[in-house]
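What follows is one structure encoded as structure tokens, with my remarks underneath.
Here the chain labels run A, B, C and D in written order, and each chain numbers its own residues starting at 1.
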């Protein structure tokens, strides 16, 4: 889960890391007022989850409140990578000596938390990671032990040469680590972390993503989610326990299990078709999920046919069959649906489906071949 | 032989009174798995499908024999359930629960590293040694006792492979789902080592997917240490970059970990990579027939 | 390090565990005032570190403020196991349904923290531990992981049968564990933990000891030490980095290393003598320590002779020799001193000592035999 | 042979610029120990007795070979120093520092349990394989290469025993102080196992003290697994009950762990218990002479 810059700023403040004074604005008037309160030069920054907003014109500087008003007017309503800007942050401009990068994430290979820092902070950090990885110092932390002083020292000396600055940044690094683990983050970074002209170390911009699986134990952060920022259908899917990602093709897919869902898409492609989506109905069965899955897929006007591929394990075939019946009753399913169904509680499922004269395949290949026919017969109707 | 589980497995079901725990207790029992205890805090004293329920694993272990545990408790309580089994001395723990927070898993993995405790999952379908024992949620009927070992990061995709092997007239020694999450208790390599040593296993099927570098590491191991033929499939050729494909943790990390990359590495390290999961049976059969007749 | 009951109460309150209302008193007047504020029945409790104060008359109950005055007058100034009572705690009396015990300490065998609870709380818990150990439930906690829910459940169900009470006590148990690790305790217990007649769970008396080695990172608790409670000489020794324990014999000992110090006492006994003290000058050498060691030992009028036994390792013999010279110069050493000195920097030490015509033994046996002679010659004088 | 350290030891000194680190670096070097690096954060680049100083163990290990570490840093920083060595891949860590908080030690012990990392101490004198290598603070001159292994919870008391063995014309294979604190990285049993296997060791001297039950556990192990003759001494017969005798953690736990108890258990398990530490040499010599001439 992602949050906005201003929300991330809130959180890092709670963890004792200083950042420039700022105000949130949703109108040019508010932006002006914010700039007034700050006094002096400010930055007007679009609050969107996507990267590259600076290059897209989503960050402007203003020397006076009126300039902030104008800048806000330009940015509000702008679309950045398809996301409309509705919130701005008005931030005190800082006199920057140098920009640094610090960031934490989980490293799946070592199964540890990795803390990365670099003296080459700023917008090009990703470029640095690719072209000069030696300029990024990585320290791997076992969360069972927490971060140790020797690790903080290593990171600090990778960032600064001066003893005083190392001491200051150790404080920030330690707080960032605490933030990462206490808030169950999947990513927490400050970029740039800047050394101001008066030798303070300040978080100019920070980004925090959370582990979706842990949101339940962080009510406070869970409330920060801005659903407008996500694809509406994908959000709706998530709310119903489905994983759904739209693709370009015309064959809708309803599958149980992410691996099988990907493999199903792969086979459709291998046989010459084009999958219209990835859709995993997830582990536990619940007939209502199938109804929602049909709804989501049928919103896409390109859909020519739907392939249901269920291999029952923890998902039970009879629940799927019940869901299918519900869907047919409550939605107008106007495209052919090809059903492949096998596994746990298969018999019970087949009883339900055959009662309604549905055709059911037990082998995937057969089902895929049918769904790929130029003209699929409307095989299943109530 | 088979690996990890067999007739000597004595299983406890953690979360036995929940919907999934309840259902699969019955299914596993029907398959012949020896379930000696169920655990649900506060519900000790009941019976579920004839299995005595205890408040804690420790209570259970003081009355019945247990060497394996399967976990169906909700995600935020799963880590605690795993620690409870560890604390009580259980050596094989199979965690079906999906959606366990990553930091919980990191801590568990660090804690059991180097010990004799083996954790499968979370978010895994469990494992089955056909004809002997089933500790998981897979449909039993698609399996048959035989000589092919299966290791997979995916649940239902594994069933597809197992079924194709059975339909080809072959069978499985042990079928293991290691779980689709980015951090899981057991990876490919430990299991490859066990299958390599297992006398019942003649060939190995290994199923991977996009994301991470587990497949790449396995490839290296296979090249160096595995003498038995290995057949593979990688899911996610059509997955868009940078998108998370469901709970599988299938994230393409900075351009690395694509299906194409992984397939290439596998091919280069002697793994016979198939382009569909449902043809493992016929391909392995052909290979074994051919190699036995040369 | 030990602290008083009222200090322990402060700490457990900080960790969210409730205990009865109470006031500290050092005069009968204050006790009266405290009882007035509380209203109703109170307990007047002596604040001393030693156990068994109840049986020694250090706890009295009072139904009215004036009774509290009288009780305070009786207890203040009383000696309990040699410790004079100077502080009292005036505590609201609680209607008790039942008494329980909960306590945490470090178990050296399992190298874990052990949490012990029992339904048989109260003054006889030690008796219970000896005669009915099965009535004490023990849970071993790996501090790397912290206490887990399943462990809290186990402890809670060992204490209570009712679901509601288990829930309440889990909260207390969890807080106690946090207290134990956050404050670097060596012991933390509530005894009795009581179930009041209105079904509240209250800490009636608690006891907290701290790990001396960790005091430096707990300034707040370090300030709680009541030095009056400890043996004055032993406290003075500790302040100077010495470990000193008075015994009954007449041969003073100055040794480096606890093991060798014990072995030296054992040999003196084996050869028919009686050691007057255990004294370990500790690891790192510092000539001043020797001066202090002589001072402490010579305060004991029974002393007939002193055996110095130094096997130099991290303690260097020359530092000991220098300390010896300092001691002879600054103190009137009026008993024979027998010196055994060997190990690191032995040569430099011997040079110093021989310059002053001191006799030095290199074998322990020889030195012990000399010190045990009925009439030891005053072997070493400046 | 000897155990744990020998000519192949490559040592780093953590806290090399402190008073004790500085002094003992020289003493160990004089004895012939190969010290390849010293560590003091912020003082990298200097030299101490010709040994290059680095800011961190990782920095050092990237430039020189290190397989063993000795720690002289202050008590509240000792745990961090130990973790630093573990993190850098050092497998034998000897912690001289005394006064480490108990919870710090508990965590370290839990963390390295089951791994191939060996920690001696804290609050220990280190170890010496006479004629080969010294990693510790003991006076070198009292040792001589020979066939007696020594394990002890006490520092200076060990010197007494070592000296008596040398004076009797015998010598030591390896002399190890495991540290006097209540929680230490390595106990008697692991070392007994090593001495039992070590070809250079013909007999073992084991020195215990009051408090805990380590001695009792060692006795059981010796009875079952140690074929070589074992001689013992327990300090603290005259220690008063319930009093803590210095930093040794010598607490008599609830009436258990007295010297008399321990001596009895040792005698009952085939350990030859002596009543003085300074007669080990002559007693072992007598025994060996007698047994070789029977």
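Structure notes:
The working rule: a contact is a pair of C-beta atoms (placed from the backbone, for glycine too) under 8 Å apart; a residue touches a chain by one contact, two chains touch by 3 or more.
These figures come from a predicted structure and were not determined experimentally.
Chains making contact with chain C as well as with chain D: A, B. Here A-C and A-D are compared, and the pair linked by more C-beta contacts is A-D. Centre-to-centre, using mean CA coordinates, chain B is 45 Å away from chain D. Between the Cα centres of chain A and chain C there is a gap of 56 Å.
Each chain gets a centre from the mean of its Cα atoms; for chain B and chain C, those two points are 54 Å apart.
Contact with two or more other chains is made by residues 144-145 of chain A. Shared interface positions of chain D, defined as residues touching 2 or more other chains, are 107, 111.
In terms of which chains touch, the assembly is arranged so that all chains touch all other chains.
The touching residues of chain A, when paired with chain D in their complex, are 144-145, 148-151, 153-154, 157, 163. Residues 106, 108-109, 111-113, 129, 142-144, 181, 184, 186, 211, 213-214, 216-217, 243, 245, 247, 255-263, 265-270, 275, 278, 280, 282-284, 311-316, 342-344, 346, 363-365 of chain A are the ones that touch chain B when the two sit in their complex.
Chain contact summary for the complex, chain B toward chain D: residues 114-115. Per the touch definition, chain D reaches chain A in the complex via residues 41-42, 55-58, 77, 80-81, 83-84, 87, 107, 111. On the chain D side of its complex with chain C, the touching residues are 19-20, 23-24, 27, 75-76, 96, 98-104, 106-107, 109-111, 123, 125, 137-139, 142, 152-160, 163, 180, 182-183, 207, 209-210, 212-213, 217, 233, 235-240, 243-250, 254, 259, 275-278.
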